[in-house]
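These notes open a run of structures that come right after.
Below, chain A partners chain B and then partners chain C, in two separate complexes.
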Partner chain A sequence: MSSLNLINLNKIYDHNVQAVYDFNLDVNDGEFVVLVGPSGCGKSTTLRMIAGLEDITSGQLIIDGKDVTKMPPKDRDIAMVFQNYALYAHMTVYENMAFSLTLRKENSDLIHTKVMAAAEILGLTNQLNKKPKQLSGGQRQRVAIGRAIIRNPKVFLFDEPLSNLDAKLRNSMRRELLLLHKKLNATIIYVTHDQTEALTLADKIVCMSMGYVQQVGTPLELYEHPKNLFVAGFIGLPSMNFIDVQITEDGKMVCPSFEYQLSADHQRLLKDYVGKTVVFGIRPEDIVEDGDIDFKVKINENLGQSTLVHGLAKEKKLVCKFKRWCAYKQNDMIKIGFVEEKMHFFDKETTNAITEAHNE
Partner chain B sequence: MENIKLDKMCYKRDKLAYLLVLGGLALNVFYFFTLYKSNSTFFFKYNVGISILYNLLFMLFVFLSAEEIKNYHRNFSIVLFVIGIAQVARIFILPLNGLHQEAITNKNFIFIAIYLALSAVLLISGAIISFIHSTKLKNYKASKGE
Partner chain C sequence: MKRRLEVSELIFKILAYTLLTAFAICCLYPFVYAISSAISGRDVVDNNEIILLPKDIQFAAFAEIFKNNAFWISYANTLFLTFYGTVFSLFVAILGGYALSKKRLLFRKGFNFILVFTMWFSAGVVPQYLNYKKTLTVFNSIGIQDTKWMIVIAMGMAAMNIILLRNAFEGVPSEIEEAAIVDGATELQVLTKVYVPMSKSTIATVGLFFGISRWNGYYWAQRMIPANHSFEWPLQVYIRRYLEDNIWNSDQGAINVEVYSLNSIVYTMVICAIIPILIIYPYIQKYFAKGVNMGGVKE
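Let's look at the complex of A and B:
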């Protein structure tokens, strides 16, 4: 396994359409990096540039200290797993898995040993004589992963591999991928638009939008300290509530829906924004059933161990997540408050998070 | 090492035996093309009708058997062995009669004999190889308790 460095990667298609802007990333040996973002943000293009399936317009791609920017895909020693599996329908599972090594004219005994080892890891030993059409979606994806494993590549690339599976299978495959990563200690770059996959799988998340990297960090960093409004809204389910508020001289944040007395820490944080409007962000799970803000319940979504309560604070729509089974009825009035240390503030103009570092 | 070879057979088809049998089938096609290209009235009799029918059935059965031995079905290798022997016998029926009746030339008869003999060799060797492979695989699977 090996490390990977992407230095100022840019991708410009015909008619000057730019898909990726100045992409910089260092992937360490054995790291599981997830590129996450909405459709069209450039994550798959970046992955395809790493694989060599797309030309790099400018920038440098370095694998294990070697510049592979201009190198053809077959020489990069990278294995890619696609969303649609890309299995050969006329071949058995065994033949599909052995195919890449057969093409390289490797010794057939060695190929057999590798295929059997990969099948054992992936629980496919009893399926080796079957054709892909006789397998379930999850098994097919495991075959595709097995085909990548037996090549023992420097880097594994996964392009939305679980998107074609149903929700239950996706969950179990996600766990299997995690176990596989631990077993192989492989360097993996994984593309998904599903933030749950990103949060559960990644050692490091790269959040992208409109071709730009918005934030790189651990799942916890992105969740607890989003750098801007986009990351704050994209990471987390249900997404963060945003409210435009004005910061007053007496240390309050004021909006048409409520007034809220800020803590001393928050007042210090927002001292440059007194008299200005900022965006206040609060995650649904950081709203509590205790406070001074009037909240009119509209809909209850009971999820078993928690309840999503949709409603209005005056005219502002908010979603709250309470860790109990709630039996609120429509138009019930309750009081809510916010967990102080989980409140986020964003500059309305730049959309960047307002942090201590920002003030320094 | 031997175990890996046997284990591989569980997941790989018997390509060698399959290709040998297909080769035997192809040579049979050369045989009847050479035989039937004569315009002699000898070929307007009922025995040629039987020969054509036999060739059609031969091709169908040999092809299906080839597909079966590819998957190590031992019984079909026995059948192919018998068909291979029959190919040798066929040299002495219609072609030899045709030669005696001067319906086919000496040169064509030699070609026909070579085609049938080679077809027989390929079919018989394919059958023997298939028989050996399928027996080994059967014993290996039995030793693993499958």
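Let's look at the complex of A and C:
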């Protein structure tokens, strides 16, 4: 296992289409890094550059202290798992897993030992003589993972490996991946557009949008301290509520829907924005059924352990997540409030979060 | 539960079955007729009395053929042409189809255009003949001029088959190729260990196309192998010459004809010529039916 350094990686396609801008990232030994972002944000391109399937237009890729920027994929000692499994349909599970070692002309006894060990880890021992088409989606993806782990590569690359599976299987495979990571202590770079996968799997998340890295941090950092509007909106389900508010001299935030008295801390934070409009962000789970803002219920969605309540504060649409079973009806009027320490403010122009550091 | 057929469906079914049956009879009849004629007696064959079943059964025509060395030499030539012709053509078509299926191939569009162009417009028989003859004099030095090898090489390429293979290779998902590259396969290994086995059915189909066209190949074989190299002739050319020499141009032939008609000899040759195809076809047919769909339509 090993470390990885991506230094100023850029990818420019024909006709000057730039897919990735100045990507910088350090991945430590044994770290599980998730690249997350919407479709077309450049996350897969970045992964493919690491794999060597795309040329790096400029920048440097270093694996274990060695510059591999110009190296062909087979010499980089990486293994990749693809979204659609990419299994060799004409080979059995055993042959699929053994393929890379066969190409390297490894000793057949060694190959057998390794295949059996990988099959044991992945629970595929009884499937080894089957062809991929005889397997279920989850088993196929396990074979693809087996093909990767058998080589004991320096870095594992996963390109949306769970997107083709149904929801239940995805959950169980996610846990299996976590266990596998613990067992192998592997360095993993994992691409997904699903922020739940990112939050649950990652040691470190790289949130991307339009080719730019928006924020790098632990899942908790991204969840609690999003650097900008994009990250705040992307991480968390349901998404954060955003409301344009004006900061008044008497320490209130005012919008057509409500007036809210800010705490002393928030007043200090926003002292440069008095008289200006900022974006106020609050996660649905940080809205409480206690306060003085009028809220008209539109939809009451029970999820079991919690309830999503969609509705309006005057004209402004908000989503709240209450940690109990609610039975509101349409047009019920309730009062809501916000959890002080979970309120986020963003500069309307730069879209960056307004933080203490910002004021210093 | 069985559903009752609508009247229009019923009419369609009756029509379809009738037409297909008629077509099947049209295909089968000449074959049965040939067998009957081959094993019927001389008089009934010469007087055109055979309609379906044989009369005055004799096997002397087969005995005569089994003794005919020139026939078996040409038979061996045809086997040779079919085997090496198919192998060589497949080799060319697989490499060509693979290269043309890759988007990164330089001038790919141009090459594809040139390839398809030869399907729309051929040069014509005389230029083609001159081309083969002149180009292949190059091979004179290695001693293959006027031999079977000329057919193998000159007829080695078929645009249609390359396109079928190209489409089959394009149908293999690009992730599979990438997976193989990441697994450490070289370009040649990607082709031989991944693409070729995954396109087995199309390759079998194209192989069958090549094989049948070599087996049945007559015109160019007859043009390119001169009469003084008659020991290089394939079966089809030999049968034709046999007809010319013994039936059309002579008065009841050079061979002693007693119990069978000369026509029976011809039919016997025809049957011998078709037997290998009848034996091989059922084995390849399963690929053939699947392969035409798989290669022709890009999924």
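Here is the rule we use: the second predicted complex is superposed on the first by the 360 of 360 C-alpha atoms of A that agree within 3 Å, B and C clash if a C-alpha of one lies under 4 Å from a C-alpha of the other, contacts with A are read in each partner's own complex, and residues count from 1 in each chain.
By definition in this document, a contact is a pair of C-beta atoms (placed from the backbone, for glycine too) under 8 Å apart; a residue touches a chain by one contact, two chains touch by 3 or more.
Nothing here was measured: the structure is a model prediction, and the numbers come from that model.
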Task: Partner, of chain C and chain B, that touches more residues belonging to chain A - done: C
Open item on the list: Quick check for you: in the superposed arrangement, does A:Asn129 touch first (chain B), second (chain C), both or neither?
Closed with: first
Task: First (chain B), second (chain C), both or neither touched by A:Ser108 - done: first
- [ ] Quick one: classify A:Met71 as touching chain B (first), chain C (second), both or neither.
- [x] neither
Open item on the list: Quick check for you: in the superposed arrangement, does A:Val288 touch first (chain B), second (chain C), both or neither?
Closed with: neither
- [ ] Look at A:Leu312 in the shared chain and tell me whether it touches chain B only, chain C only, both, or neither; answer first, second, both or neither.
- [x] neither
Open item on the list: Between chain B and chain C, whom does A:Met116 touch in the aligned arrangement: first, second, both, or neither?
Closed with: first
Open item on the list: Touch test for A:Val254: chain B only (first), chain C only (second), both, or neither?
Closed with: neither
Task: chain A residues contacted in one complex by chain B, in the other by chain C - done: none
TODO: Name, in rising order, each residue of chain A that touches chain B in their complex.
DONE: 92, 94-95, 108-109, 112-113, 115-116, 128-129
Task: Complex contacts: residues of chain A adjacent to chain C - done: 51-53, 73-74, 78-80, 82-84, 86-91, 99-100, 103-104, 147, 151
TODO: Please name which positions on chain B make contact with chain A in the complex.
DONE: 1, 4-5, 7-8, 10-12
Task: Of all residues in chain C, those that touch chain A in their complex - done: 173, 175-176, 178-185, 189, 193-194, 197-198, 200
